[in-house]
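Chain nomenclature is as follows: A, B and C, assigned in order of appearance, with residue numbering initiated at 1 for each chain independently.
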Amino acid sequence: MPIRLAEVDLKKPLSAIYVDPGHDRLDLVVFYGYRPIGAVRLPCPSRPWLFQPEQLQRQIEQALGWRVWELAVSGQLDRPIPSACPSPPVSVVVCTRDRPLSLARCLQSLAELDYPHYDVLVVDNASRQPEVAAIIEQSGFPCVREANPGLDWARNRGIRESRHEIIAFIDDDALAGQGWLRGVALGFSDPQIMAVTGMVLPAEIETMAQDDFEGYGGMSKGFISRTFRREELSTRDCFWASNWGVGANMAFRRGLFDKVGDFDVALDVGTPACGGGDLEFFYRVVSAGYALRYEPAAVVRHAHRREDSALSRQIYNNGRSFAAYLLTIWRNQPGKRVAVLRFAALGWLWDWLLKRLLRSALKRDAWTFRFAWTEFRGCLSGWTAYRASRRLARELLAKPLTPSAP
Amino acid sequence: MAKRVRHQPPRSAIRQCPLECLPQGFTDLQGYDRVLVVFCWRTAVVTTAWLPVHRGCVSLSQLNDVSPKAAWPVWRLIFDRPPAAVPPLPSASVVVCTRDRTDDLDRCLQSLSHVLSQGYEVIVVDNCPSTERTAQLMSRYPRIRYLRELRSGLNVARNTGLSAATGEIVAFTDDDAQVDSGWLSALLRNFDDPMVTAVTGLTLPLELETEPQQWFERTNSFARGFVSRQFDLTKAGVFAAGQVGAGVNMALRRRSLEEIGVFDEALDCGTPARSGGDQEFFYRVLARGHRIVYEPQALVWHRHRREWRALRRTLYGYGVGVFAWWTRCLWVERELGLLWIAPRWFFRHHVWNVLRALLRRPQHLPLDLALAGLFGALAGPCNFFRSRRRVRRQSPAASRAPAVGSPQGHADSPVPAPGTLAGQDLSAP
Amino acid sequence: MNSRLALSIVIPTHNRAALLQRSLEAMTQQSLPPSCFEVIVVADACRDDTAAMVLASAARVPYRLALLGHTARSAAASRNLGATRAQGDWLLFLDDDVVAEPELVRQHWVARAENGISLGYSKPVFPIRATFWQLSARLWWEDRFRDIGRPGHRFSFRDFFSGNVSLPATLFRKVGGFDPSMVGRLEDYELGIRLLKEGTKFSFLPRAIGHHHESTDLEQWLGRLRQEGEADVLMGQRHPELRTMLFSSKEPTDRRLRRLRRLAFDHPRLGDWMNALFVRQTRLYERWRLRGLWFPLLGRLREYNYWRGVSAAIGHRRAFQDWLQEAPLPPAVAPDAPVHDLASSRTDAALAEVLDLGSRVGLRLLVDGSEVLALPPKPGCEPLRPPHLAALVSELAESELIPALALKWVRAHGRNLLCQSDLPRLI
C-alpha cells in the first residue's frame, strides 16, 4: 500500500531512486529550482525496485515536457524576484495545541528555511501537555500562550504579537519546504496582492486513509498559479473559497487586517464549528475587492490523518465547517443573502453534495459515496454547530482580557 | 450615454510585450481599465490577451499568467523554417481603395513607404470622392498610382485596382489600416503552393481609445489566431469564409481569377448590401477548389470606428452583408445548404445577442448594437436584390460575377486586361 | 548533342483519339531536338479512329512515330509491348491524357545522368464545370506532388505514377516490366515495389510538367477503387512482406466505416444495391450543393467500394483475416538496432552508413541520450539517407520531439531561452 514520495529538481542531474518493497507507486513532484512544475506517477511492482535516471528522465519528459516549455516561454522559469522588493521580512506564525511530535518536526523545518530575513513565533493555544512547552523552548523560537481555545483566537494573537509586514501562517502538523518563503515572496512581488496561499503536498502516504484523502482532492490546488479578484470571478465562484487555498499555508500583508478585520473567532478548529475560519477570511478578502494569489511555489508538506476514523471525522468537519462558513456570511453581509442562498442551494448542496451522492449511488461507486455521504451529514449538523460556536465566542469575548502568558 | 458606459470601461490601452525580455509590468496605465497586451517574439505576434488594469498598473504576475498561451505559436515559429531552396518572391502590387478618408489614407500610405522602396507597385483607387482632398494628398506621393472610380462600391474599386495592377499577386488593404514592416513578404511567401489563391493576415486594433472601438474588438475582432492555417474544400466547409480573414488584409493571385472571377460589384461598402464582398469572394475561392492560407505574420493595424453611431452603422452593415452574400449564394449558386445555415446563424447569433442584452447576462452586447445587427440581418436579402438591380442599371454589360459551375463559366466577366480600365488614371505623368 | 536516338516515349491508348492527338501535337513543340526521341503509340483494342489519326500524324511530325496495336485490354501489357519495340536505352512512359509542356522531354533527357527513376509532374486539369469530386481530386493530386517535391521526401512505391515517368530500359527489362495480370491501375505501384527492391534511386522533376486531363468522375473512380482492392490483394499475395502494411493504412477509423467493411464482405449484393442508391444520392447532394452531406457520403462510398474489391478477390471475411495473419509480422526494431543521437554530429559518410543499416534492421533516434522514436524498417520505401532524416525531424518536431527538445533547451539556456538567435537545430 504505501506510496513512495520523492522530489526531483530538473536543474540538477537526476539520480536513481530506490523504492522499498511493498510500495505500489512512486509519486514524483518535479521542481525547477524552487518552482514546482507538476507531478508524475510511476507504478512499480511490490519488489525492491530501482528507477534509473534515464527512465525517470523519459517519464518526466513525456508527462511534463510541454508544461516546462510553456513556463519557459512565459518567462516563469528561473524568474528572479524583482529587485523592487527582493526578500521582504516575514513573520512566520505557528499555532499549536497538544501535538508535540508534529510541532517538533515543523519547527525543525522552519529553522532550515532558505530565506534571509524571517522570524518565527509560536502561539500555544492552551496546550495541556507539558512536552509542548519543552519543545518550543528547545527550538529557541519565541512563544506566546493564548488561553482561549480556538485556532482563530491563536491566529489573531499571532497577528498582534508579530512584527513584520508580511505574516505567514503554517499549521503545526505541516513541514515547510526550503523554498517556502521564497514562494511567498514571489506571490507578494506584485504590490497589489494582499494575500498569498500556497501548495500543500502530502508529507507521506503510508495508510489507506492518507491515500483516500489525496484521492478525494487533498489540499493542493494544482500547479498553476492564479490570482483571484472579485471582478474576475462569477457570483458562484466567489463563494468557493475552498478553491483558493488552505489555512495550513497562507500569508497576508499586515495592512489587510486593518481593512477587513481579523479571523472570525466563532469558526475554525477548536470551536464547535471545527473549521472554516480560513475560508471565511479568504472570502472576506476577495469580496472586499482585494487580490488573493495562489502561488504553488510556496510549498508545504502536510501529514494527513493516518486512521480511517480520523479521516471520516475530517470530512465530516469539512461539511460542517463549510456550512458554518456560509452561515457566517449570511449573518455578516445582509446584502448578499440572496446570493448566499442561491449558492448554498444550487452550487453547494445540489451541485457538489447531492449530485455526487446520487451519481455515486447510481454507479455503485462506494468510495465516492462514502465521502459524499459523510460530508453531507456534516453539512446537516452545520446549523447547530454554528449556533454553539457563536455562543461560545460571545462568552469568550465577554470575558475580561486576561494578560497573556509570554 | 449613461446606459452605454455601464457595462464597459471607458478606455483600453494596447501594449506590446516582447517575450525575450518581459517588462516588469506596466505602470503607465492611469485612466485605463483594461489593456490588450500583444506578445511578440522575433517580430512576430504570438498571442494577445486582455488584462484588467488595477490602479494604473499591470504586474509581471499578470503577464506571466497569460503568456503560456504563446507556447504553441512560438514552437511553430521555431520550426517554421523556409524550404531549402527558397523560391523567389513573385511580383506584387498593393491596392488601397479609399473614399473620403484623407487623413487615414495619409497614415496608411506612410506605412506603405517600405513597400514602395522595395520596388513594389502601389495603387490607390479613389471611389466616388466628394471633395478633392484625396487628390491633393496624392500629389504628395508621386510614385503611387492614383486612379479614380466613379461608380460607387468597394468591390467596384477593388476590381478597378485588379485590372490596373501589373503584379502577379495583388495585395489589398484598407485606407484606415496601417501595415507592419514584414507584411507584404509574409503574404507573398505563401504563394509557392500552386493551389493557394488567397492569403489573409492578422489584423490587430491600432487603438482602443473609445468605447465603440473596444466593443468592436470584443465582438468582431479581425484576428483569427496566431498559428498559420490552411482552408480548402476538403478541410473546412465553404462557409468557413467568415473565419479565414478579412479584406483589410489579403492578397490574391491574379492568374486564378480567370477561373474564380472577380469581386461581385453588388456587394460591400458603397452598395445597399453594405459589406460581405470579401467574404463572398473567399467563398468562391473555396468553392472552386482553391486554397486560402491564413498567415498571422502578415500584420496590419486597423483603426476601428470611434463613434457610437458609426459602430452601430457598421454592425448593421455587417448584418446586412452576411445575409446579402448568402442570398447571392442561394440565388445564383444554388447553395441549398444555406437554408439550414442561415436560420441557425440568425438565431444563435443575432437573436441570442438580443436576448442576452434584454436579460442582462454578464458581458452582453448593448441592446442597440444587438438590434442593429438583427435588423441588418433581416434587411439583407432585399438589399441584395436592390443592389443587383442598381448594378444592372449602371452597367448592364459587366453585371454579374460568374457563378460557380455555371455553364458560361468565366466568359461573362473575365479579369479585364490592363489598359481597359473602367476608371481614370490620375497618377502624375 | 549526338543525334542518336536515346529516349523512347511509350504511350498506351484506348479509344481517346482526340486527347491523343493533342498529346502528339505537344510532342512537336518539345524543346529537345526531335531526332533524340521516338514516340511509340500502343493502341489497345481501339474502335475509334485512333489508328488512322496516328498514321496521318506520323507523316507530319518531325520525330519518329510508331503505332502498335493489340487487344490485350491492359495498359500494363501495352506498355510492355511498347518497351519491347523501343529502340532507345531510356524509356519514358506517358499516358495518352497527359499533354506535355515543351520542357518535359528535355527534363527527362537531362535526368538520365542520375541513372535512376525520374518522376515528372502531372498537373491535373479539370474542365470548367468541375464537380465536387474533381475539385477534391485536384487538391489531392497537387498536394501529393507537393509532398513528393519536398526536399528529403522518402520515396515509396506509391509514388510511382506511370503517367509521366522515365527509367533505364535495361532496368525495366531486368525487373520484368509491368505485370499484366494486375487489374485496375495498380500495375505501376506493383512495378514500383520491384524497382525499390532493386535499390534504384528515385527523383522528382518539378519542371517536367505534363497537363493531365483527367476525365474520371465519381462512378468511374469508385469502380477503380474496387479494382484497387483486388489489386491490393494480388500485391499482397505476390509480396507477402507488404501484406500487413498495405491494409493497415486502409483500416477503417470509426464504427460506421467498420460496419461498411462488414457489409462489403458479408452481404455484397445488398451492399451493391445500397451503393447504387447512394451514388445517385451524391448526385442529388451535388445539385443542391450540400457539401456538408456530400463529403461524408463520399468517404463511406470509398470505404465500401474498396472493401468490396477486396472481398471480390479473397472471399469471406474470415478468409481475409486468416490470409492477413499468415503474412510475416511487420518488421520491428531489432534489439541491437543502431542508435543515432540527433544532437550529435557525425560525418556524412558515417551517418549514411548508420541510416543504411537502420533502414534494414530499424533505427533508434535519441535526443541527448533519451530515446524519442524507434523507427522500424519500412518495406516498400527507399533506404534512409541523410536528407530523409532532416525531413523526418522537421515532421516529428511538432509532436514526438516536443518533450525531449523542450527540456533540453530549457536546461541548456534557462532564462535566456527565447533570446537565442538560433536555437540549436537538429540536423
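In the analysis below, contacts are C-beta pairs under 8 Å (C-beta built on N, C-alpha and C of every residue); 3 or more make two chains touch, one makes a residue touch a chain.
The structure displayed is predicted, hence computed values, not measured ones.
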Most widely separated chain from chain C, with each centre as the mean of CA atoms: A
Selected pair, greater C-beta contact count between A-C and A-B: A-B
Distance between the centres, which are taken as Cα means, of chain C and chain B, whole angstrom: 40
Separation of chain A from chain B, taking each centre as the mean of its C-alpha atoms, in whole Å: 51
Centre-of-Cα separation between chain C and chain A, whole angstrom: 62
Two or more partner chains touched - positions in chain B: 19, 74-75
Junction residues of chain C - those touching two or more other chains: 402, 418
Set of chain A residues in contact with two or more other chains: 66, 69, 73, 75, 79
Touch list for chain A against partner chain C, complex: 10-11, 32, 54, 57-58, 60-62, 64-66, 68-69, 72-73, 75, 77-79
Chain A partner contacts - residues on chain B that touch it in the complex: 19, 22, 24-25, 52, 54-55, 57, 59-68, 70-71, 74-75, 362
Footprint of chain A on chain C - complex, ascending: 369-371, 402-404, 406-407, 409-411, 414-415, 417-418
Complex contacts: residues of chain B adjacent to chain C: 19-21, 41, 74-76, 78-79, 81, 83-85, 193-195, 232-234, 237-238, 259, 288-289, 291, 333-337, 405, 407, 409-410
Residue numbers on chain A that touch chain B, as the complex places them: 66, 69-71, 73-76, 79, 82, 84, 187, 189-193, 225-227, 229, 231-232, 234, 291, 293
